[in-house]
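Take a look at the structures below.
Shared between the two complexes below is chain A, which pairs with chain B and chain C, respectively.
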Partner chain A sequence: MNITFPHLGNTYIAGKVLFEGLGVEYTIPPISTKKTLEIGCLHSPDDVCLPFKIMIGNYIESIEKGADTVLITGSCGPCRFGEYCELQKKVLMSLGRQINFIVIDEPSKIGIKEFLNRLSSVAKESKLSTYKKAKALNMALKAINLIDEIEKECRFYAGYEKNKGEFSKLLKEVKKEAIEAKGAEETLKVLEKYKEKVDRVEIDLFKTPIKIGIIGEIYTIIDSLSNLYIEDILMNLGVSTKRTLYPSWWVKNTALSALKINKSPIYKEAKQYLKMCIGGHAQECVGEAMLNYKMGFDGLIQIFPVGCMPEIVSKAILPDIEKKYNIPILSLVVDEMTGEAGYYTRVEAFLDLIEGRKKVCI
Partner chain B sequence: MIIGIPNALLNIKYRDAIQEFLHTIGITTVVSPKTNKEILDLGVLNCVDEACLPVKIFHGHVEYLRDRCDIVLVPRIMKLHKNEFICPKFCGLPEMVKYTLDIKNIICPTITAYNEKTLKDSLYDFSKTFRVDKEKFKKAYNGFKSNIYKYNKINSSRSNLRVLLLGHPYLIYDDFINMGLIKKLNQYGVEVFTEDNIEPYDYTYRLIKKPFWTFLRNTYNCAISLVETGKIDGIIYISSFGCGIDSFSIDLIKKDVGSFPYLVLKIDEHTGEAGVDTRIEAFIDLLKRRAKYEYNISSLG
Partner chain C sequence: MYLGIDVGSVSTDIVVLDEGLNVINKLYLRTKGRPIKVIQEGLLHLSKFYKDNDIKGVGTTGSGRYLAKVLVGADIAKNEITSHAVAAINLDKEVRTIIEIGGQDSKIITIDNGVVTDFAMNTVCAAGTGSFLDRQAERLEIPIEKFGEYALKSSNPVRIAGRCAVFAESDMIHKQQLGYDVSDIIAGLCSALARNFISNVAKGKNIRPKVFFQGGVAANIGMKKAFEELLNMEVFVPEHYDVMGAIGAAILAKEQIDLGQKTSFRGFGIYNTLIKPNTFKCNGCSNMCEVVELKEGEIKIGYFGDKCGRWSRIAV
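Entry: the complex of A and B
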């Protein structure tokens, strides 16, 4: 068995730690590129949402490298993500290869026991004791928290750095070194080393950079290919960005929801607009918008794929927040046809607008 | 008080029942007319660009009603089957309407109705707004129940060309959106089946996971049941651009029925009638040719 999994931001680093800790063979899909997307589009139905297509591209590229088992997380919420596995399986089977699927669902929906059962079908392969397996899982969790923490800090403090480009350099280096490190423990060590490095970068707190919150559909805001590297671009322009929806957030949030003790402030803030979960992450999007406003951000960028059902609902709500609280919001809708030129022009115009407002305020 | 009922989305299916219910309680209702050009334009103009056509049209109906009644009914339909959902846009419909149309006079009962009890509870919660006593509610509820299946059923005469028409009820029963599709099919002498006049079997065991969308399960079961039992000669699937649920069911069915005649019509506000007509004609021709061919074979053998 050779396991593969789709890309979602930094999860591949945690995946590496987990499978190396378990001693299971695995393949990390090549970093998503335009080619990945092309392959994905070729094999997917036209109208499915962008994440589906990129994931198919990831799978196929991994399978070409020798993977034979696909790990996929489904959530049973009322959105397409939970329905993915069905059609993805059919798509991959039509390639004419023997591929196994392991579907990992949200524990709150299928019950803790079934969840552990499915997880153990992965762990069965590994010949380690249960204690060691638990340790591997623990290390993977630590890894995802660390790398997300590093990325978050780099992106937020990028606007405050004294020597331009330091954070962006560190961020590139840590990912490269982590993936080259041998073994789970080594990888963790690399991450810890970089965490300290990041903490020591000199910053100038008297600066007043533009601060932007990134909100929207979870996959597209995490996956840099689908949002056309928006965070990197903003970072290079010296803009501080913040986004809450990281893979580590998702892990924590689902775990807390399963135990029914989720008290994230996002939901409290979202309440006045959207009282219930309508699927996807519409509620988070609206709640985040409110939170970012309260924390004094200068603007918000909402990103979602064409045809994304829950985000269309939040897009309908956001103008009201924009008006009521006087915070500029830019909605970007992406798919495989999105042209770079027009996209960047819109982002630039948005930044100009914010800059203008800031000057007036002073 | 006058309540306005937008004649769109699932209201098309439950319109009569809702009206009966409200009348018994003692409330006057006004139903928006069948979708027309004016309503379509109102919807397209006001709704979020990325939304699907049916949702835009719903916005048009609400906009049409806003000055013609005291309060507009925008139901939030969460579930019609246990452990299944309708569509994220149905759950968030009141919010969409409220903030895009900037309208305050709407009433949005939450409907979760997967069995008798939950339906009753949802309606009871709804009726509480009007301070209705128990007796009256009971009568109104019975009125609702007896009218639930009264929406326009399709009668087409028997024929040896039989087509299954798939799609959401608000696409099938709205002649304006589907450009008179059913009438056209009848003119070609085709017998039309829809979800509502067949009894499908449950074929979901073929899937690795039980679908959690009611629409998806329904269409899948209908298509597979009729194809497996040889009751139809072709499938026409009418869908709107940008419908997330159809993007799945169309392909799930396609991958299962193989080379069976299957026509997918996707529509939005820019779709031209001529193009659709040509495609239907070509499809019917194909079915006729197939029928003849099969007939020849059997007479020889």
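Entry: the complex of A and C
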């Protein structure tokens, strides 16, 4: 068995640590590029959401490198993501690719027995003792938390750095070194080294950079190909950005929700607008908007793919928050047809708008 | 004096402002897909009136702003939304709403106390923008400058489906074949496009007077009238409506220079040099940006198109 998985931000680094720790054969899909998207679009239904297309592109590029099993998370709905695994299986089968899917759904949806059953189909590939398997899993969790923490810090403090470009350079280096490191332990060491480095970067807390919260559909805000590298662009412009929805957040949130002990303030804040989960991360989007406002952010950028039902709902809610709390919000809708020029023009104009407001102290 | 250059999809506008920010020279040129050549031609024309050291600062805007910035050595490159707003606010402090329709995009900008509060731009459809009207004028064999006059002549505008450029055109052809008067069709088209703008681009935006209408399409008095009827308020077309973006860029350049920056203007002389763009893929990270390098003869004069600033930050 040669396992692959679609890209989602930094998960590939955690995946590498996990499978190397377990001693299971794996393939990391090449980093998503325009070519990945092209392959994905060619084989996907035209009006399916953007993440589906990029994921198909990831699978096909991985299969070409030798993968035969796809490991993904599921959701059993209510949004289209719940249908991804079935539809993706069909797409790959129609292309004549023999490939297995292991779908990790929430235990509450598929039952704890089936959940463990699916997990063991991966774990039984490893010849290590149960203790060592648990250790590998623990290392993977550590890795995703570390790399996400590094990224978060780099993106937020980019507006405060003394020497421009330092955080952006470190962020690029850590990802490169982590993926080149041999073995799970080595990779973790690289991450720990960079965490220290990032903590030591000189910052000037007297600076007052523009602070922007990135909210919206989880995949498109994490995956930089689909959001046209918005965080890199903002970082380069000296803007501090904050995004809560990272893969590490998802792991923690899902685990806590499964145990019914999730006390995240996001849901409390979202409650006045959206009481229940309508699929995707609409509640998180609304809750995050409120939290970011309370934390004194200057503006919010919401990003979601064309046709994303949950985010269309939250987009309809955001103008109310914008008006009531006087915080500017820019909604950007992306798909493979998104024109770069118009996209960046909007982002730049949005920053000017915020700067103008800051000048007159609104 | 300050130079403002707006490189748009259809036109390239160049203005010269004096210290009091008054327009003392303006050029409205067709871009025709060759921005470098058009800018060079514009500068050649201006070089007859001004010397290099008359120009204290240069600003660029429009979709070709980065190219223009490197080409002329501008001090600032700003997006067209901000530039249009700056120009309008500078002209009239009372302005609260700007309707801007250019060659391929249309925008609405709302302003409060001289600060931009909200904006929107057309996303999926270019119906109602300059190039669409251009094409219709051509098809009806009416000079585009006369388009508005025809609309005003109409006493009974026909209803045209204006949601999408393709359908609008087929609906117009259909109405022509039914024998409707050309001026009634044009008036109908103008109000369809105004309706489309208000319900799509300006959806959910608070339109309050005073309303400015700028961009190339503002030349069309039929469109102005259509907006006035639809909004039930007076719509003002500023004197230099067609070059407002360039004016804004020049004003922003002045602000930049007033902060103590020295201009990096490369002089009018660039009109007779051979400037060549060259694109390459940067392999610095997985983003694989397509970077554009501008070369003057064999000398590299600058880069743009990268996301992280690795290339565009290089001062050549």
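The definition used in the following text is that the second predicted complex is superposed on the first by the 357 of 362 C-alpha atoms of A that agree within 3 Å, B and C clash if a C-alpha of one lies under 4 Å from a C-alpha of the other, contacts with A are read in each partner's own complex, and residues count from 1 in each chain.
In the analysis below, a contact is a pair of C-beta atoms (placed from the backbone, for glycine too) under 8 Å apart; a residue touches a chain by one contact, two chains touch by 3 or more.
Everything numeric here is computed off the predicted structure, so don't read it as measured data.
Enquirer: Should the superposition on chain A be reported as showing a clash between chain B and chain C, or a fit?
Expert: The answer is fit.
Enquirer: For A:Ala349, select first, second, both or neither according to whether it touches chain B, chain C, the two together, or no partner.
Expert: second
Enquirer: Could you look at A:Val360 and tell me whether it touches chain B, chain C, both or neither (first, second, both, neither)?
Expert: second
Enquirer: Could you tell me if A:Asp320 is touching chain B, chain C, both of them or neither one (first, second, both, neither)?
Expert: After superposition on chain A, A:Asp320 lies in contact with chain B alone.
Enquirer: Identify the partner contact of A:Asn138: answer first if only chain B is touched, second if only chain C is, both if each is, neither if none is.
Expert: It touches nothing on chain B or chain C.
Enquirer: Give the angle at the C-alpha centre of chain A formed by the C-alpha centres of chain B and chain C in the superposed arrangement, rounded to the nearest 10 degrees.
Expert: It is 80 degrees after superposition, to the nearest 10.
Enquirer: Thinking of the overlay built on chain A, is A:Ser120 touched by chain B (first), by chain C (second), by both, or by neither?
Expert: Neither chain B nor chain C is touched by A:Ser120.
Enquirer: Between chain C and chain B, which one touches more residues of chain A when both complexes sit on the common chain A?
Expert: Per-residue touch count on chain A favours B.
Enquirer: Is A:Val333 contacted by the first partner chain B, the second partner chain C, both or neither?
Expert: Both: A:Val333 reaches chain B and chain C.
Enquirer: Applying the document's definition of touch, where does A:Gly82 land relative to chain B and chain C: first, second, both, or neither?
Expert: The first partner, chain B, only.
Enquirer: Once you lay one complex on the other using chain A, what is the shortest C-alpha distance from chain B to chain C, in Å?
Expert: Nearest C-alpha pair, chain B versus chain C: 5 Å apart.
Enquirer: Quick check on the output: what are the common chain A residues between the chain B footprint and the chain C footprint?
Expert: Overlap of chain B and chain C footprints on chain A: residues 319, 333.
Enquirer: Under the definition above, what is the set of chain B residues touching chain A in their complex?
Expert: Going by the criterion above, the answer is residues 47-48, 50-51, 55, 78, 85-89, 91-92, 95-96, 99-100, 207-209, 211-213, 216, 241-248, 250-252, 255.
Enquirer: Residues of chain C touching chain A in their complex?
Expert: 63, 78-82, 105, 113-119, 121, 123, 204, 284-288, 307-309, 313
Enquirer: Show me the residue ranges of chain A that touch chain C in the complex, using the header's touch definition.
Expert: The touching residues are 31-34, 165, 168, 172, 176, 224, 229, 232-233, 235-236, 319, 328, 333, 341-342, 344-346, 348-349, 352-353, 356-357, 359-360, 362.
Enquirer: Any idea which chain A residues touch chain B in the complex?
Expert: Residues of chain A touching chain B: 45-49, 74, 76, 78-80, 82-83, 85-87, 89-90, 94, 101, 103, 273-274, 276, 278-280, 282, 306-310, 312-317, 319-320, 333.
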